[in-house]
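Structures for review follow.
You will see two complexes here that share chain A, one where it goes with chain B and one where it goes with chain C.
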Partner chain A sequence: MSDTQAQGQRTTASDRPVGGSLRLLPPVQGATERLSAHLARNGQARCRGTALVRAVGQAGLTGRGGAAFPTDVKLAAVAGASGRKAVIANGAEGEPGSVKDAVLLRHVPHLVLDGLQLAAEAVGATEAYLYTGAWLAGWVRQTLAQRADDVPVTVIEAPPRFLSGQETAVVSRVSGGLSLPTFSPRRVSERGVNGAPTLVQNVETLAHLALIARHGPDWFRQLGTPAEPGTTLVTVNAGGRRTVTEVELGTALADVITAVGTAVLIGGYHGTWLPMTTALSLTLDNRALRRHHAALGAGVLAVLPRQACGLVETARVTRYLAAESAGQCGPCLNGLPRIAAAMAELAGPRPRRGTVQAVERWAGLVTGRGACHHPDGTARLVRSALTVFEVELGRHANGRCSATTHHPVLPLPRAEEMPLTDEDWL
Partner chain B sequence: MTHVLRVNPIACVGHGICAELLPELIEIDEWGYPIVDTRPVPPWLERETHRAVAACPVLALTLQHAERRK
Partner chain C sequence: MINSAVLWYASRSAGAVALVLLTVVSAFGIAVNRQARVPGLPRFALTDLHRNLSLLAVAFLAAHVLTAVLDTYVSIPALAIVIPFASGYERFWLGLGAVGLDLLLAMIVTSLVRGRLNRTAWRAVHLTAYLCWPVAFLHGLYSSGDLRQGPLFDLAIGCALIFAGAGTWRLVSAAGRLPRARRVAAELSAAERERQTSRSPRAPQGPRR
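== the complex of A and B ==
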């Protein structure tokens, strides 16, 4: 099976799936690591159970799905609960600009599945799930059939929606419902899959956990920064390609971004635009990014080339984000289409006066008022665009635009793939 | 014991009764949905707050202990 087949419609022929690897990906790039090769390279886990929860805490591993929450805290919360428990490996990867989870599942499935087993054992879970897109589900089932795991793993297909990987949406889908965010005063670690305390971890987080179980926390801390140890996978979107690279946290962004451009979107479509000159002076870790109101998120970086307009690109993405709203919460349902329409106006010639102020007002009005962070993330994206592309706003006010091509830059699914009915969330 | 107001944004359909009963802590946005003051409810508004919570037709408005997050 070739990479393009494994990743289905998500990967175009121009994608270079793997750019570099340090720990997670196999030495032979492009190949799938079979069980025997995986065991030869990584060996057997030496640290398990509650000792592994401690080791993960000492290692300072945080979630690689976007929120960067301390993994040991989540593990301990579920381990401390009683009764039937569940673990979910989250490989939904709804971000159009991200392919790192697909690359992991395609190239090192056994490392991820080891992590899932070790996490299940550490929290005392008797059921495990792997949640991923339809184009990878069959591949993962085939891989599972080669293993003799203690905790049975059920593969659940994630619909190709931006919000599919949102934690409560994952739990809802795995429980048999729609892949929509839910609202509950209880955390999923208290009440998750069909009421059972549930651990939801990104597939990359589980792969790191599987390596910590083998090599220990000191080894893990040999790379990265003291505050943010280890490595992380990033997907760099540049020149029409998505390239997955494993980098140390704290790596200079100038070493990660080699493409020429005017701005960089950091952290995906819920992320933050930064001018290229600012981005190139920073390191890739949340402590450095936070000072510029940015965060690493799930590791998506996207370069805006010189010939493209940041307002046009942001308007395209905002329209997509509005369409991908679950439509469950009033402020998101009403606010996001208005923000998208206003951004489309700003992306065109001579927008009406007051449009920028309207976007700012609506961005403030939707923030913090959804069951999930979709409105907050969308507001963050458009606010950063209004700041970073301020000069461009002035050009548009005079009926000009600095774009020299109308070729779209940021990857998006086709318009006809937008959700319309309940079935689109299954 | 201090309490905070919390609205379930999925259940809320914007009846607006809460803002009529408790304008001190709840205002209505331009789409008809409540913007709730999430600071601890002051003691002199406890009665009105309980009344607003009880009046929500879809039980979207709740009072929670201040120390319990989310």
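== the complex of A and C ==
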């Protein structure tokens, strides 16, 4: 198995950044929307402060970073705290299959930065941070220099780690530490950056918030489903490309996935494999996906083409996830490498009998036993692979494999980009 | 009124059991710290065993000190349980016992509220275990002659060897310890090596189609 595909989170020439836009992305594709164009298209924010918190609640906006937590609840929690407060726009995007945050920051940085200012104002924060990869940090600083913001924004570089966007890891890095998940009984909305109550929102969530401040909750609800209103950005991984598309929640998946394949990975590398036939019958919202134990996550969809083997691809990803463990919690540090090695065996010819049962047992043992959800997400991915690729498991037991190519499909960073020292988390 | 001899023997035997338990708790604590494996036990079970045995040791210590105080053959004031050197009888050696008990109680209390405590503070208190065991051992050895003769002497020597052995191993393995970031890579390559070497020899080399 060779992990030589040179794809990090950075958008590459082979990516087709924007596949479709509705609200967030500008109508003219491929270009950055300048401040004047942004104001001409979106106008000025009319709803601010505590009224905005209410409007966001009426709009039913949920976090677009993966957890789909109600945004107004987080806003109200930090707004209700006293003393020094902070807001962080989270654009770390550690997920190799996702480029939507990068596309958003590249194309409509002013919409995101407006959202950051409005959120800071609404919760009464005096410090604002934008946390994103090193290749975008300089770009965001240049953009900030063109603006006259009330709350000064500090750009913090996120290391290219899978877990660097995890909420407590974000707060740790912004506070000056390593971007490692921490275990604390206090939420970051009570005790975040250097002890200050902190609001951490994904950059896409802030962009939606900036639009709600302009057009109101009723406008926001015109698209999407009643339970999950609005639009969302998805990154479709197909044919070696990552394409970012803005879709309504509740859109038929058949309209989003046009590539041919045998299965779809939904929700990124902590997500769930579904057979293509199942996926094409579903709609893109958590209510529909939940019935199949899947979730939208950060909106990553990856198509497994006919010529690839789902077990080989899952084994590659599992090895990557094991290597990206922060190494802090025993079940994750010890369990994930074992699961990864067993998955590599299952991806090869004639695995020993009992290996599937061992993987299932270990997946159960690591679930729920980490400071963050890294072991849970990895176990979810592996379990769904064992279910969806059951026929393929039988082929491998007979020394066969349905793959007709050894070319890797799912994007992963190069092997030499794997973390080895603490500095890799800085 | 309970017969004084009963209390006397109860106190001595509870003390001896507590010594054995504290030795095991210390050794398990070191194993937990070094992330070592005890054959037949998953790592989380070792952690639980370490915690539960320490609580059991406290129960035996409670029996040990209460019977010693209630026993009227020698007079030990109740305050001497926790206040070092407050007893007229065997002032120094009983005082060491009180020091050991205080340290143990501090470790237990900080561990019970560990979630609310900063890790460095908890660790600082917990490190006093390396003082607590020797102090308790000296107390056991010199408060009375029981541990210095016969089978109990062998038991005491055995406990001392286990504690010293575990402590030495801890120091040696801490010196050769991997930084956190390297541990993941080491575990990953170890798991892969283990899988490869234990594969059945009849497996063909590449996938057939």
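Note that the second predicted complex is superposed on the first by the 417 of 426 C-alpha atoms of A that agree within 3 Å, B and C clash if a C-alpha of one lies under 4 Å from a C-alpha of the other, contacts with A are read in each partner's own complex, and residues count from 1 in each chain.
Simple rule for what comes next: a residue touches a chain if its C-beta (ideal position, glycine included) is under 8 Å from a C-beta of that chain, and two chains touch if they have at least 3 such contacts.
The shown structure was predicted, so the numbers you read here are calculated from the model rather than taken from an experiment.
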| item | value |
| --- | --- |
| Simultaneous placement of chain C and chain B on chain A, clash or fit | clash |
| Which superposed partner A:Q328 touches (first chain B, second chain C, both, neither) | both |
| Partner contacting more residues of chain A (chain B vs chain C) | C |
| Chain B versus chain C as contact partner of A:P185, first or second or both or neither | both |
| First (chain B), second (chain C), both or neither touched by A:G399 | second |
| First (chain B), second (chain C), both or neither touched by A:G370 | first |
| Touching partner for A:P27 - first (chain B), second (chain C), both, neither | neither |
| Residues of chain A that lie at the interface with chain B and also at the interface with chain C | 185, 328, 330-331, 334, 369 |
| Footprint of chain A on chain B - complex, ascending | 6, 8-14, 29-33, 35, 62, 64, 68, 70 |
| Of chain C, residues touching chain A in the complex | 35, 43-44, 115-116, 179-185, 187-188, 190-192, 194-195, 199-200, 202-204, 206-209 |
| Chain C-facing residues of chain A, complex | 185, 319, 322-328, 330-331, 333-334, 337-338, 340-342, 344-345, 348-350, 352, 369, 396, 399-401, 403-404, 418-422, 424-425 |
| Interface residues, chain A side, partner chain B - complex | 181-183, 185, 187, 328-332, 334-335, 365, 369-371 |
